[in-house]
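Have a look at the structure below, then the notes.
When the chains are written out, they are named A, B, C, D, E, F and G in that same order, and each has its own residue count from 1.
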Amino acid sequence: MELPYVVVIILFYLGIYTIIMNKNLIKIVVGVNIVESSLILLLILISFKLGGTAPILDRKYELVVDPIPQALALTAIVIGGSLIAVMLALVIKIYKRYGTLNVDEIRKLRG
Amino acid sequence: MSRVHKIFRKFYKIGLVLFLAIFLLFIFDEIQNLDIKRYLSEHYISEGVQETGAINLVTSVLYDYRGFDTLGEATVILTAAATLSFMTPIKKVKMLGTEFTIIIYQTIIIIIPFLVVLGMNLIFFGHISPGGGFVGGVILAMIPILVTINYGITFSENKLKPNHKSLLEGIGAIGFILLGLLGIFAGSNFLASGQANFGLGNPGELISAGLIPYLNLMIGIKVGAGLAAIFNSLIKEG
Amino acid sequence: MKKKLLTFILTLALWLVFAGHINFSVFLLGTLVTIICSIISRMFAAEVFRLLLMNYEVKVSFVKIYYIFLVVGAFIYDAFLSAVRVSKHVFEINPSFSPKTVQIKTSLQNLPSIMILSNLIALTPGTLIMDFNILNKNYFIHWIDVRSEDEAALKKALIGKHEKWIAKIFE
Amino acid sequence: MITPGFLYLAGALFLFLAINNKIKYIISFLITTGALIITFYLTPGYSLEINFLNYTLIPFRVDDISKLTGLIFTLSGLAAVFYSINISSRSNLQLIFLFIGSSLTVVFTGDLFILYIFWELMEISSSFLIITVSDLTKKTGYYFFLMQAVGGLSLLWGVFLNHSATGSLSLNAIEAGIPFFMIAVGIKLAFIGLHTWMPQTYSKVPFYVTVVLSIYTTKVGVYVMYRLLSGINILAYAGLISALFGIVMALRQNQVRKLLSYSIITQVGYMIIGISIGSAAGITGAFFHLINHILYKTVLFMVAGVVIYTTGKENLEDLGILGSKLPITSLATLVAFMAISGVPFFNGYMSKTIIKEALQEPVLIWGLNLMSFGTSLMFLKFIYYAFFQNSNINLNRKPTISMQLGLGFLTIIMLLIGINPFLLENLTNIDVDINYFDIKLMLSGIQPFLWSVIVFILLKKYLVKEYRRFIYYDIYREMAKIFVKIGYKLSIYHNGKLSKYLLWATTTLIILLSLLI
Amino acid sequence: MINSISILREIIAYVFLITGTYFLISNAIGMIRFPDFYLRLHASSKCLIAGSISVLMGCIVLEGISYISLKLIIIIIFLLITNPVAIHAIAHFAYNYSIKPQKIVKNDIKQ
Amino acid sequence: MLYLILAIILSIIITFYRLIKGPSVPDRLAAMNSIGVMFLMILVLLSYYFERKIYINVALVYGVSIFMNVLIMVKYLQKPEKGGSSD
Amino acid sequence: MESAVWIILLPLLTAFFLGIFKLYSDKLFYSLVIVSMVIYLYLLILVINDSYPPKVYSIGNWGLLGINLMVDSFSAMFLLIIAILFITVIIFSLNYIKVNKHKFIILTYVMIAGIAGMVLTADLFNLYVFLEVSSMSSYALTAIKKTDKSIESSFKYLIMSTFGSFFILLATILTYYLTGTLNMAEISLEFKSVPFMIKSTIMFFFIFGYGIKIGLVPLHAWMPDSYEASPIPYNVLSSGLVMKSAIYALIRLLYVIFGVEFLTESGILNIGVFWGVLTFIIAHTLAYQQSNLNRLLGYSSIAQIGYITIGLFLGNEKGLIGGSFHILNHGIMKGTLFLVLGIFYYSLKADEIEDIQGLGYKFPVLSFTFVVAALAIVGLPPFNGFISKWLIIEAAIEAGFFYAAFFILVGTFLSLTYYLKVIIKLYTKTEKKTLIEKPDLSLKLPTFFLGSLCILFGIVPSLPLSLINNIPKFLLNNSEYIRILLGG
């Protein structure tokens, strides 16, 4: 198995681990970011071809990497970024309202 | 008792994630032994330049083959900006953060024209070189962001009012759709460019690739304004 | 008018460099973009134009260009010199330092020149600006190896030279 | 052909137009009498088919039994509506119309789908009637609705089982799902163990609602039992046990309507036995008994209602008022008593006799005698309080004319049937080859009554006794408590901790993935 | 003749590149070895800037006169303007962060 | 060329140590800045290695982003309050 | 089939224009809202009418090279829900929403665009994008009240939902990797040669990801919170459209990409049915515990999703019809309940069970509507919920899932326990309460409209069923869908 894929899995693992293990809201957001990065890395990886060049064809090239995952990655980045922004805004709000970043202490809603 | 419970819980969590990782490892391993089919991308690579007129294939995927996705993600940014703007208070803004020295102020001022030109370049040359609306928009968004961290949010919002930002965002998004609609008016489908005979020109030239440069511009405006708005909203909390 | 023209030319040049090729459409678009650029720059950073204040004679501006080259040269020279020094320290077995914080008052009035000077100081061997007091125009400099008062004076003198050049350009 | 059920249902809608009492009277009169007349002129054998959801449904089908049941239903509907029209609010009257209409539709339906729908509509309308009628009946209504819902749902399950087994929704092809039909019918019939809703409901709700409910609820159960479960002999014994249970319970009651409720259980026992033996005679007997029972039980509930209406109280002791102060009511009470006790020349005698004649097995015959004996016994208690116990309670107000009319109307019909038992047969073209006025039959009919009089006189002090403490164990309430407790536990686990929720999610994922391995 | 010029050019270019790389490596090692934050920052500023300029100049020499060289020059100017400022910003931040410069004499490093 | 790139990658890896270890936030920032610039160099060198000069445009944008990163972080990272953790 | 793309574009354009108009003129804002709503209704009807046989619209005229939209009966059914709920909610919100009204309306339009996109697209990644569009606006709408609770619930929703999105995206990427295409038809064809294990893994990722958004039971915990804290008109859309669009997408993926044979083979149908049963039993049990009506209705929504899941996972014709019909019906019924509750909240700030005591006498017609919808959602005849439950149960029995069918009846009983509690509270007299604000016609009319649909679709189910009956043709037999999508 190729190393980059292992890196993807490790990143994915780390992100999920951060999300479910941490009590700190900011760290959870960081975890989300890590998972997203791992997925984007995966997208880049699947577009990769050994010896391929970037899909900007100013002349003829022998081997060009797959442009679709790159476009998808861009989309995923933008979506992920927007999500993170909203998340952070909510974290700020929560911190102001609840005075804590501990995820288990923000619970007025239950039952 | 509770400590044992806690330890158990921790190991349980670790076990879960470990299982997931190992599972993924096996799946990825198995996937790599399979034949990969890339008919679609091979088509894009061999015909994409002729079909869309853009030599940057990522751009041609983003704005032509899969332009609809781009509309969707533009909407996501707009939604995020709108969300953040209603979550932050309009009044009573206190600026957080450490004060900069005059040295930093001056540098920021100097690089603003540089950023404008760079951003515009990325946007307008998005179809013939690396770049495009998103990157260009991000670079452009750095200008108000720099001004904000430099002179404070009040000054920044005085120069470029939040309303103007949302106006710009709206113009970008509406422009994108209207450009897409041109395809329909030209007798083809939504977001058609080459298919609707909007001159694709000679690939590699500035004026080529049909609608793509204009779509790039719209996205650039939208992303720029949206990011600036998002940044300001995020730091607004005092 | 002159300064607007200069800005225009500079930004257009930048555009053309970024564009990577010149033809009519690129140029036309560049003109357009440059206008937008100047609008945006004026909007956010009116001061940028003071940097390019050009109400001197042509002769004077040639002198300025000379000093600009001088300063840039000093920049690069200092950078290399200090890099060599630091890298020497890096590979020493027992690197020796005697850091100290020093205050230097500058006579420069113009903000851009203060900035340029600070950049120069940053690249001067062994110096690092930690703070700048705008009221009495004092740089707080972290100095890596000041062993004696003489050395300090020498280095201050070096900075003073840079200061003079910069003053030639802007003031 | 307009079905009487739909006429009532339409009536429920028309009542929205009733802006004043006059219109209310007119609409009610038109609907109730119209339904009666229509039912009277129905021709057995008629059936109507519609297509719904790829099924062919028979919303309206007439045969002898349904016509007979429809007749008594419309007749007592007329009486019940007029009995309650002044007391009931408009919305409650609408619910009553809906209830009666659904019952009638159930009676005339030819398929399980429509049967279920209107069975549920009955349940809904009666429950809402109970819930909205008074502030004191909320919990009762809740209990009632849930209980009935269980019945309705088991009916539905039975329908599904049968449908999947036979592929048909016809009432004539019942093969599977019998146990669930039994539960459904059992609840409607207040079969022992499933009866808990009945005494508390009938005793708590306002008296006119009791009257309405008592006419239809159990009787529809009987009718549906005939349609779905007739001829299952073993059920006869179940009916017997249930009836005996009803007697024991009834004898222990101090409250008029509770006593009457338990007596319903007993009376329904007759019908269960009749239907279970499955012979034509048994079924005829059961349905004649249904008619008779509706008549006298309605009268008795109306009597109880009059007592409540006039005195505001409803203990057995308060019945003393009947003796002198309410002559018409007293007369009706006596007639109903004679009827329910199976005394010859009263209508109850006739149907009990048919059932008894249809029986083959001695156990059942003796059981039937025992039931008659017990019934007489419990109503002797009733009569004792009504006529032999002096009471110093005064009338708060006079019974309304409409109440008296409804009461009198039914009493007269009861008397008519009692004197001329062939009336029912002629009405419905059902032939029962029995000479009711045969001395032997009359003797055997009156025997349990006489025995009961003797026993009552002997054991008066045990029977006429106030049972204060009453051991009451309701398994359904216990089950509900467990349900609530489980829910509370589950609710505690939802403690708002995001990390916990994320953990659940991850665990789910892992479980899903481990299913793959 | 042309050949020797191009060889010379390549030699000059590689000298620049190797010098640059050397500076970058010494930057990295300095980042690790130096005991005090401000000292590390010294390494990080001087070596980094000199290294990067050197690498870029090497590339310029390699490229010759072209648009690419102009772009590289712009990168150089940009780095020259921004990087010392970035370093200054970090130093200023550290100063505000109340990290005090240590007085270090020779002996301290030995241990 | 490849060796130069590898050497720079090596120095990036070395600097990563500082980024991860800290000990203070400014340390990490400085390391980040260093890594950014080194990476920029790699981008430029790669464009020669692969002979795709368009990568230089990427380097340009990347240079801007390094500067922005440092400035924004410096602006908004603050000394942790008492009781909080340092990162 | 031009109008198909307009289904997505019109709300988007409206939202963008509203975003601009909001800055300048209120009058312009509201007139645009109304005009666009009317046009949208017309468009929806146009597309729904023309949905059989299915139509394909190729964005950019790229054919299989680009993104395609496809309208078949399943999507048309969903568009019908959009038509019913969106119009009512917008009219309702015009007077109901007080805080951030402009933003609410704009975000609602965006959300509708996202959902319409999810419903129409036949492209895997495009589906993800529109899923995010609709989710994003959902987070915003959940937080729009800006109370502590709404911020908290929005954050929980955001994190949980993003957690699910990871796996959807991962599955999408893997699918692209394995098939080299994103067109659902082509994926389905290419998938035939993908090994069983990998295919099932991808499927499970999809199921898990969408499962969080759907709210299947252990994944549901964020959902009641979001109901409690968000504005009531949004709850209508949330239960009627957001949850449903997720299950719609999942079903579309499962049946079209994987095909029913694979679903049977992999045993996911059994799992789905079991999961549905688990979901509604637990959700009903929890609903009984709630004192907040929004929460109660939220749990009830989760439970109803359980029924829908059963129907759609049965893998037979009747199940798909029943499940789809229940999607429609639940939207209507829950919409009615929420809107009535909304009026109560509007006029009395009542959203706890205790608060609504006696309102049956204060608002007789509204309360009647509530009762009708409650009985419908319990699944009692003669209302629409009964018909769809009937269909689901029948399908379950046909597919041999007797236990599921039986438990649906148990669930019906459980749901009765708490709805009846609420109804009884409604009709329990109490001391006089003073109205804070009198509800006007713009609040009542949409409510009554939805309420009457509960009865109408119960008595004349053939109206929607004529549309829904075509659904299995393209789901159960995905080759038909594929053939049309491939343009054959």
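In this section, a residue touches a chain if its C-beta (ideal position, glycine included) is under 8 Å from a C-beta of that chain, and two chains touch if they have at least 3 such contacts.
It should be emphasised that the depicted structure is a prediction, and the values quoted were computed from it without experimental measurement.
Path length between subunit C and subunit D in the touching-chain graph (shortest route): 2.
Chain-level centrality, scored on Cα centres against the all-protein Cα centre, points to G. If you compare B-D with D-G, the chain pair joined by more contacting C-beta pairs is D-G. With every chain reduced to the mean of its CA atoms, the largest distance from subunit D is reached by C.
Between the Cα centres of subunit B and subunit E there is a gap of 32 Å. Centroids of subunit B and subunit G (each the mean of its C-alpha atoms) stand 29 Å apart. If you average the Cα atoms of subunit C and of subunit F, the two centres end up 23 Å apart. Each of residues 125, 129, 132, 136, 139-140, 143, 146, 151, 155-156, 159, 163, 177, 182, 197, 201, 224-225, 289 in subunit G touches at least two other chains. For subunit A, residues that reach two or more other chains under the stated contact definition are 12, 16, 19-20, 28, 54, 56, 58, 68, 72, 75, 79, 82-83, 86, 90, 93, 106-109, 111.
For subunit F, residues touching at least two other chains, in rising order: 54-55, 57, 60, 64, 67, 71, 74. Listing the residues of subunit D that touch subunit G in their complex gives 52-53, 91, 116-117, 120-121, 124, 128, 131-132, 135, 138, 141-142, 145-146, 149-150, 152-154, 156-157, 160-161, 163-164, 480, 483-484, 486-488, 490-491, 494, 496, 498, 500-502, 504-505, 507-509, 512-513, 515-516. Taken in their complex, subunit G has these residues touching subunit B: 2, 5, 9, 12-13, 15-17, 19-20, 23, 57-62, 65-67, 100, 103, 106-107, 110, 113-114, 117, 121, 123, 125-126, 129-130, 132-133, 136-137, 139-140, 143-144, 146, 151, 174, 177-182, 190, 194-195, 197-198, 201. Touching subunit A in their complex are the following residues of subunit D: 491-492, 494-499, 502-503, 506. Across the complex, subunit E meets subunit C through its residues 22-23, 26-27, 29-30, 33-34, 36, 38-39, 41-43, 45-47, 49-51, 53-54, 67-68, 70-71, 74, 80-81, 84-85, 87-88, 91-92, 94-95, 101-106, 109-110. On the subunit F side of its complex with subunit A, the touching residues are 50, 52, 54-55.
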